[in-house]
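Dropping a structure here in structure tokens format, bear with me for questions.
In order of appearance the chains are A, B, C and D, and numbering begins at 1 in each one.
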């Protein structure tokens, strides 16, 4: 009974009522707060001044997330494929469970003395914890499904973008190399200029200085419009087509899920 | 009779003829002129040279808007919900009436000696007065309704944008922190670079200097295309679908409004 | 007979065959070459070195365009509304005829000694001559008609853009004025930063330096995405809807035109 | 028999099974690796340190591509139009065969002592070799066909973009020339600023300094939104319309191709 109740509260797709279960709402809020703390803590003066406070909060959130993790592993047994000891092992290696585990690890940051780069990596992982929120959003999955239907066109536009990046940096390398060896001395170096121009970011730290270089830079900048226009156009078409589909799908999914869970509970109440 | 006439002239949705009532056109022009003056006045040499002229204009517009405000409160009684003393109190705390009141306050700026920051805030409020024009545009409401129908997708793309902002600044912080502590020393600091890159603004005041940092900056810039493409695509789809809907809606609204006002006047002519 | 033939060759909508008449093709090429020369001539060292050559070319093109202008005025008599002396006067004051006349004037640049600014203005007018090509494109008119059908939404998005520009520069003025009086000392000054940020151009010559200023600059940059997304979305919707319409329209126009000209020639062959 | 087998393996449209033939997959991988090496080799310190290694790899890839080229010329005889000696000559001058030949030439780079610029050009040609991959993608052709259907609108928006570029640089030249003669001293010079602004790249190396110049620069930046919005809108409409068409077309093409090849083999088994 407890296992079933836990499963209902923890597994978003098993929650029959509208929205998220109260347990998952609490967990989500904890994730957001813990991530905000992790972001603020990277500001060194603040971290040094309130070292103990940060440690206390981090410990509290570690305990909450550890308990949540154990509960998830326990409750996973409700699903047929994760039943028994080996089922649980299989669950631990499932995508979202791995994310949960990785999100727990950076707590070790507080113990031992690592080198500075590794410390920063651990801090960053604590922010990637936010990705755990993705599990709760059935809606986001429908959204990305809509985009995924056009993955073929997206792949082609990515290939096209890469070709543009390479060709424009190759041309600028051929023209500007002797005048700015540090910035255009090789194609990989010219890529930094190329990506800033084609995405229309345009930092301006590297710009061509020869007349011919400026001409091809202008052509590249205009081609950059195409590089923005292509994925935007594909996405506009995807959303235009997927509007009704998304709606219907989410309705269908809900019905199916309800049927599935009803069957599950019928099956259980049988014996 | 005067109250009804005032109501017809002041409440845009009660005006039966095409376009805006002459009274509201005059008020709109006054708002635009007053805002232009407020903008020009922030240029200190001009404000000092023509101090008295600005004061006279400001006083004239204050009187006009104060009279308009009192007239609106009086005329609001035409609507059932704002009838009587308590109804007027309720009207004063309604959204647009509050905006009107706030827009009147900065006139106090001329009396008393405040600190410089508060003075600038008061000046800025005088420009936000332009928002009052929003009340007159029934069309703009239809326009935003069309966008609002896709609010779900917009919220998702905002969440996606926030995730991109956080993750890209977290990665650049991990890589660039020791080389540019002032610009990338913490995640909140790296956010300034991140927002400039992902929105493709690209000021260029902060750029990565390490090879790895430039690589991830390039990836971020390309991801920034997606951040622009997503809302653009959603908006394109919204406008494509909403074209007929908007037309039909505005027709329906007009009919309904006419019916409502006809009923109102029938009701009044009864006794 | 000559007048009718001239009219057929000069008036694009009177040309019955596919494409442009040979006369108009020659005129178009002359316009393009003359404009290219005018562009190159602004480069002072080149203009000084080949002063006589430029003068000869300019004279030749002036004669061609002057002859063309006189021929157009003469041929305009084919149309009923431009018949007779007063009709010709009316034609001279029609839109495209005025453009033609203005395009002839900068030839005077070569005679007399004007101040430098006026000289540059005259040179620029010679480039605006390119606008004369607009007359030849019936297609471009159909294209802009398609966009014009959404003018209502475009106007709203322009108003929205102006509001964003004003509000963002007002906020940055309030925050940054004491720290960068030269760049943010008044709202008109802050507008330069504001327009560069909201259009995602991001020159980087002016950036906020305070923390609060950077925060609102980030919000402005994100709002800038909306400022780009809105017209793009409207345009996408316009083109999506107008595809068939444009085709049908241009077919209809051609038929109508042919009928009109047939009628015209029938009318003439009557007496 | 060998010739037919070679033709089936080398000509992408003659491959009956799903995807690419194993031979073409190997060739594609070789092209990608060879191009990556060519990119890395432009980094001088690396090229100098591993000169011999690069030479060995380059020789191996040259032999592979030379063999492939000869095989393609031989196998081309399967097609009627390329049969016999003169047919082969005709094949050698066909588009993709010329690309293949040009891609082979830069190997000569290793022998003889050219001037530096020519060397860089040869290196760049080795990267353009990537364009050879285009031949293998029947899908990409369908993709570009979808875009090509709107070529008419694209041409108009390119003309519009050119007009904007010219007019904005002409205006800025007229205003800024005396203050920044190096950057705005002629229209071709002002074009560099103009293209950076209208594409919203905004390097920031050249910006107007006069008030009037800044005003028109702001107008240009806002017009730049239109320059991005137009092709994006057209592309969005193209993809929205072409979704089903593309699918149907590729299905039809496959059927047609199969029929064609079946007929070819029937024809051969006849005698």
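By definition in this document, a contact is a pair of C-beta atoms (placed from the backbone, for glycine too) under 8 Å apart; a residue touches a chain by one contact, two chains touch by 3 or more.
It should be emphasised that the depicted structure is a prediction, and the values quoted were computed from it without experimental measurement.
For A-D, the equivalent interface within A-C, B-D or C-D is the one where over half of the contact pairs agree by residue number, namely C-D. Annotation: A-B is the more contact-rich of the chain pairs B-D and A-B, by number of C-beta pairs in contact.
Where chain B touches chain C, under half of the residue numbers in use are shared by the two copies, so each contributes mostly different positions. Set against the Cα centre of chain D, the chain with the most distant centre is B. In whole angstrom, the spacing between the mean C-alpha positions of chain B and chain D is 46. The distance from the centre of chain A to the centre of chain B, each centre being the mean of the chain's C-alpha atoms, comes to 32 Å. In chain B, 200-204, 228, 232-234, 236-237, 240 are the positions where the chain touches two or more neighbouring chains simultaneously. Those residues of chain C lying in contact with chain B across their complex are 152-153, 156, 159, 163, 166-167, 170-171, 173-174, 177-178, 185-189, 197, 200-204, 207, 214, 217-218, 221-222, 224-226, 228-230, 232-234, 236-237, 240-241.
Residues of chain D that touch chain A in their complex: 35, 39-40, 42-44, 116-117, 120-121, 123-124, 127-128, 130-131, 139-140, 143, 161, 191-192, 195-196, 199-205, 227-228, 231-240, 243. Remark: chain D residues 200-204, 232-233, 236, 240 touch chain B in the complex.
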